[in-house]
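Right after this note come the structures.
Heads up, the next two complexes both have chain A, just with different partners, chain B and then chain C.
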Partner chain A sequence: MMKILTLPQAVVAKHGAKAWPLGLAGAGLLIVGSLLSWSYDAQVLDDLSISLNPGGLQIMAIGFAALAIILLLARKGPLTPLGQWTHTAKGLHAVADWTLIFMVLVVAGITSEAGGLVNVAPGAWISLLGAVVLFAASRLVVHRKYRDPAEAALPGWIEILVIVVVMAAVLFGTAYALNLTDAWEFVLFLVFVSGMVVAASGAGLLSWLGHVTTRRKRVLILAAFAVAFCFPLTQGGSDANMSIASQVLVFAAAAMGLNIVVGLAGLLDLGYIAFLGSGAYVGATLSTSGFATIGWKPPFIVVILVAACFSGTLGLIIGAPTLRVSGDYLAIVTLAFGEIFRLTMFNLDGNNGPDLTHGPNGIPAIPDLAFGSFNFGDTHYLLGIPLARFSNYYFLLLILLAFVILVFHRLNTSRIGRGWVAIREDEKAAEAMGVNVFGLKILAFVTGAFLAGMAGAIKAHQDVSVTPDQYIFLESAFLLAAIVLGGMGTIVGVLVGSVILKLLPEKLRFFSDYRLMMFGLLLVLMMRFRPEGLVANRRRQLEFHEEDEELAVRVEGDVAEGVMEV
Partner chain B sequence: MSNLTTGAPKVAIFVQQLINGLSLGSLYALIAVGYTVVYGILQLINFAHGEVFMIGAFGALTVSVVLFQGNTALWTLPVMILGAVIASVTTAVLMERFAYRPLRNAPRLAPLITAIGVSVFLQELVRLNYNQVPFTTWNPFNLPDAKSLIPFPQIDVVTGPAIQVGGVTIQREAIFTIGALIVCSVLLWWFINHTKMGHGMQAVSQDKDTARLMGINVDRVIVVAFALGAALAAVAGVAQGLQNHNIDFHMGFLAGLKAFVAAVLGGIGNVAGAVVGGLVLGVVEAMATQYIPGQFGGSPWKDVWAFVMLILVLVFRPRGLLGEKVADRA
Partner chain C sequence: MTVTTEAASQRAAGVPLLQADDVTMRFGGLTAVNKVSMTVNEGEILGLIGPNGAGKTTFFNCLTGLYKPTEGQVRLSGVALAPKPRAVVKAGMARTFQNIRLFANMTALENVMVGRYCRTSSGAITSILHGPKFRREEEETRVRAQELLDFVGLGDSTEHLARNMPYGNQRRLEIARALATDPKLVLLDEPTAGMNPLETRQASDLIFKIRDSGLAVVVIEHDMRFIFNLCDRVLCLVRGETLIVGTPNEVQSDPRVIEAYIGTGIDDVDEPDASGREGASEAHDEQDTP
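Then we have the complex of A and B:
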């Protein structure tokens, strides 16, 4: 959008001075419009019809306007100290683009939901006009030099405060998004969030935040887990969203395990879901379900270890012979293994083999977990807030995810992690330098399988039943997509990718027919335009953009300063 | 199929399974050529090739429904095959142009992931939009709904009552499939060894850079490789439709995977190897259902044995039965 709609240099030079007042006028109009009624129909988009009582979408529009005003005042006005550090022009471009998209979609949404353009009230038109004016103004803004935000030094407490505020915004935003029932509202909220993120990233705020979070890693991790822990408390005992959230966590834990294999060691595993599945099957057959086929009923802590070891052993069996072959072959062998697993579970039904899994019917009626007197199926109370079944699993899965992330992080920052980087970038060179290529590959493969086995054992109880069709190839592809989308080898990226891939389909039900198609298209487009993922690891980025000299210099600089882990 | 054993002489059983295996293997071979040709030139596993095969079958079905409205005379078959080839080749060429070409110099993970994306996309495209223009319910030609199995037109002469030869039952579709493989193999052999473009393909698969210096249009050779594989997959799609009596949007996944096993079995990059590998895989599958004793021998396990064979081949003879023609890939 920015490339298509750039004004000629001459026009910018002539009218550049008008950008500032024009932009402020646009933002002002946007705010005024948002305080008025947007729609004559009170039923649509959560009631936008009352003047001076802005609804959710109107508050978002005001948020856009506020960001635009801050950026404009940072160019000229009281906030100029901030302007030295931010790339205001790029930020303004992004804000203006996304505000315009947002307002156009609002008008489209009101039109389609209320049945006709006549339902759009003057307030929406004023806001739309404001967005257009802001857009025009942003095109007149010229780029200015700004200082590297990495050098900005603020008092420590401000940095910590920023982290806390950002995390609180994430918590509030997620809870808000999950409670949106209307598809249009949800899409518009996504547009708002994307717009804010793109604008902040354009203005350089994200890279500053990145530096702050690297400096204050402990605070960040603590805040992130506090937020994740507090999430069920925002749901007021409703289990519907917690069901989605706990599925997201299983998915994220599996994706993070796969991230060790694909993201760190660079081994493409297309049958990873089989390891999750074998964990789930072990969990199910050793549970007290009436349909379980094995008599041994150990406590769950033993079951989860057995499941993990069983998956790990499978990983060893499949990995040991095949890890010697080149990468593409490995992808297909793992894919074949995934199919073997699914077909075997399907066939062990008593007719075509020993009755171990009940074939296509699977193992139903797996009881809820219970640690002592704490039954996961019951509703418990924390600070008077009811926490139902899925909330209990959510907390357990949160611990699992934390463990998986810990394993990931410790491996990544160790000698082993550096060995993986070396293998990923050039296997032969790594071998020549004395890296134990085969051993490290096996380690990655088995660790990934082990962690998936643990996740699977919990998943079996959470899902109540285990059937072969839960572990089809497409699920492996989804896990891989979460990694690719988020950013291979990163923690935050994969978490973001998992949330996007699991949450969006749940919320975009009206879209459900087309979601797989969009998923395929998304993979193709990601590989084409941003192969390093949404949250890119700098080194990863370099692997995908080998000819980018400037990036190479920056990566080297970061490594030298110790900002980036190798 | 193990219930055939009752009463029939042992030789007849063996010949029966051999013919079953060869007809199955011919399908694999026709698809496997597409994997191997592309891999030989680009070192890319075109994971979406199974979907090209599936789209071939749908192309043939479309031609039959739109042009012949239920007419199953033998003369419609060549037109259906032509329709299948056009559909498949168009898909493959577009795929190469828009999905793979931009990634020519990307790390190896990227095109493979793209291929998975293309595969899912094409399956869904057929599933949702075969009988309706996207985002509408408009169905100008009254095409059937692709969300479930669609009956494939049963052409006279090549389908119908099976032929009995001394206790062995030979399905007419099997004769068609094996015949199609023979014709396609001869044409392919002639194309690769006796045309300028064929020589160009050989040169590019040996050394892309030198071939370019010798004045060969590498991009065009790559497009031709995709088109060639697609054309053969299209024929396989028609054969599959005739053999199974119906087609669906998901048929490309397993067939494509098996064909890839066949290509690896024969030595990927080696065109003759793909044909041999396909036939061997088909025969092994058929024999496994017959001769592996006990509960693990039935047809539910045949796919498992095919994949086990893939793993074994890769472990003990990663260059395949006939050896890999391409040099070691660094």
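Then we have the complex of A and C:
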């Protein structure tokens, strides 16, 4: 980031000593400015107009300043022990860059929302000045040697505490982000989060965290699920955000299923949404909706299995003849299959064939799920906190997602997973070593379809109605984009990718006309600069960087530690 | 054209393990392998030699099911093999490749563990349930893979990525991966190509070690000194046909073998290169030809 803006060696050597006081001054200015009023207009950006009562954005600015001060004090001052382990210079660079971007965007936001630059109060200018000073100071900072954070040994309870704190931050960050109604504020929050993450990664804190989480995998998984479980409790009974959250979960479960096909077996499936759709149609047709066309009304546990098996069978029918040919053909066939599915559902309306799906009208009025006396449509109370309809689905989908992740992980770390990697690496050699290439490809395809069928059956109830136009090619493309963006073959990456691709459009509605253009641009940039995705699977990363010997050596070090699988 | 000398047939008195009968492979109008028959006995090292383009690698591919022979049959321990790589491996015949084909981004241990694939049976559901059978099998796979790495002398490189390993070790790793399939017979396609004399000696030690552990070995090689030191019998292929099968001494002294390698003039240059080998190493091979 902003590597172009580096000062000549001579200047750094001459004025390097001034970096420390200058940086502290910049951070100080930033804090002082943030405590003052940023805007004369109280209506914009959630009220930043009251002095000594910082609003959300002002607290973020103070957060940036605090991180900068910590990094500066780690270079010289009371925190020097920390400085031995962190790449303070790189961290300071990132913090300064992002603070500057943040403050410039704040000024731009106030200007655009309040209708003119005159609405920007002196506080914002002081903070902006602070950011500029901090930026200048960061350019004067010289790199220092630091020790590998992997060797930092802290007491076990501190490591666990760090994981819990990070998870809690994720929980509150998500809850906070979902409650932001203003697009500018949301974008600025994203800038804040990105800045913090980039700075932490620059300073080496992320790689330390990576080592900690590898050492304490169980704690991490437990904490992650606890956080996900607690999320509805933070919403105070409001269903607006839970609706988005449960949609994200359906999307994530489907993406994780597709990840088995694309990320593990390396098969390009462009019609995956059809499997989700067939599951949803089975779920709807076997539900007690008055519009359902089949009389059989089994309990939901049977329905979900029937839906999964139906989708799995479809996968088998599509896969068996096509998986013998190489990749491109499979992509074309699955693309066509997705369209055939949609058109079939569209045409099974009684005019062109049997009336199974009511054509374009779909199957509406699907009742909420009910397990015994527990109806998903009702509001239930946990610890006195009301949990409405979407929260109930959220919990069910969370269990489904956990199951899908379990299937993904266990297959990946078994002999089957090794077979998949071998096929991706060298199909001929894998075959010559006795790996059942065709069988493993079919297995991936059918497992993916099976899991999508399960997700679809739940989705039908959650969406209340099922129509063909919910299952268009664009949705398949989005699922694939989530995987590519997050990191093929990883769990964390695909979850991150799903959240980004499903949450951002909901929050950035003013962008909706440019949504596809934005995603296209994002994907092109990703392919150019980080083809392995945001969270890279180590092996995948190597596959994308065949020439990078340095990376190969680094990965080898990680293998020894056992972090090959993310 | 086929000559099986008296001495060679005495050697072949052991129990035949692999029998290839009249294997023929045609690509359109080109006959790459023409009615080649070969018998490998248990515990025997057989060398397969011949000038470039003689059809050695094609013959290997026919044996291991990568190619479906146009005619002929391959039997292992008397049972006819289906021309499918998986069936061949399962029956007990494994191979290495002329140009190393490891799974480059997997570690040495993982590479060998892939070799165990056909000898393990945990399916998808067993793997997902993570039951005792799965864990036992996974542990056995790991232990066996480690044993094999120790066996070929790569015990210390377990965690290294295949692509980061030195050339000679990659060759060894490929052999370990082939051994992981529990074969009765291993086919090695030019195991010493590109090696220096020391590495070549280590390779022949390793092949003897494999033979001593009770397996039969078939080796394609251009390095004649290596082949004649190593093999119990040698089969020489020329233009897809068997020229001679016999002990190293017999083959070495046969004028036709010398002629086939050094050539009489026009004959040897117009052969299409069916095995895909580059000409650079040919000069080196000729030096080694007695």
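Simple rule for what comes next: the second predicted complex is superposed on the first by the 561 of 566 C-alpha atoms of A that agree within 3 Å, B and C clash if a C-alpha of one lies under 4 Å from a C-alpha of the other, contacts with A are read in each partner's own complex, and residues count from 1 in each chain.
Basically, contacts are C-beta pairs under 8 Å (C-beta built on N, C-alpha and C of every residue); 3 or more make two chains touch, one makes a residue touch a chain.
Please read all numbers here as calculations on a predicted model, not as lab measurements.
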| item | value |
| --- | --- |
| Superposed partners chain B and chain C on chain A - clash or fit | fit |
| Partner chain(s) touched by A:406 [first = chain B, second = chain C, both, neither] | second |
| Which of chain B and chain C A:340 touches, first, second, both or neither | first |
| First (chain B), second (chain C), both or neither touched by A:289 | neither |
| Chain touching more of chain A, residue-wise (chain B, chain C) | B |
| Partner chain(s) touched by A:86 [first = chain B, second = chain C, both, neither] | neither |
| Which superposed partner A:421 touches (first chain B, second chain C, both, neither) | second |
| Touching partner for A:311 - first (chain B), second (chain C), both, neither | neither |
| Once both complexes are placed on the shared chain, angle at chain A toward chain B and chain C, C-alpha, multiple of 10 degrees | 70 |
| Touched partner set for A:321, first chain B, second chain C, both or neither | first |
| Least Cα gap, in Å, left between chain B and chain C after the two complexes are fitted on chain A | 13 |
| Chain B/chain C common contact set on chain A | 428, 543 |
| In the complex with chain C, residue positions of chain A that touch it | 406-407, 410-411, 414-416, 418-419, 421-422, 425-426, 428-436, 443, 447, 539, 542-543, 549, 552-553, 555-556, 559-560 |
| Contact set on chain C toward chain A in their complex | 64, 66, 85-86, 89-90, 94-95, 97, 101-107, 110, 113-118, 120, 122-124, 127-128, 130, 134, 137-138, 141, 159-161, 163-164, 177-178, 181 |
| Residues on chain B engaged by chain A in the complex (per definition of touch) | 43, 45, 99, 102-103, 106-114, 116-125, 128, 253, 257, 260-261, 264, 295-296, 298, 300-301, 303-304, 307-308, 310-311, 314-315, 318, 329-330 |
| Interfacial residue positions of chain A with respect to chain B in the complex | 262, 266, 268, 270, 318, 321-322, 324-329, 331-333, 335-337, 339-340, 343-344, 346-347, 351-354, 428, 473-474, 477, 480, 484, 513-514, 516-517, 519-524, 527-528, 531, 543-544 |
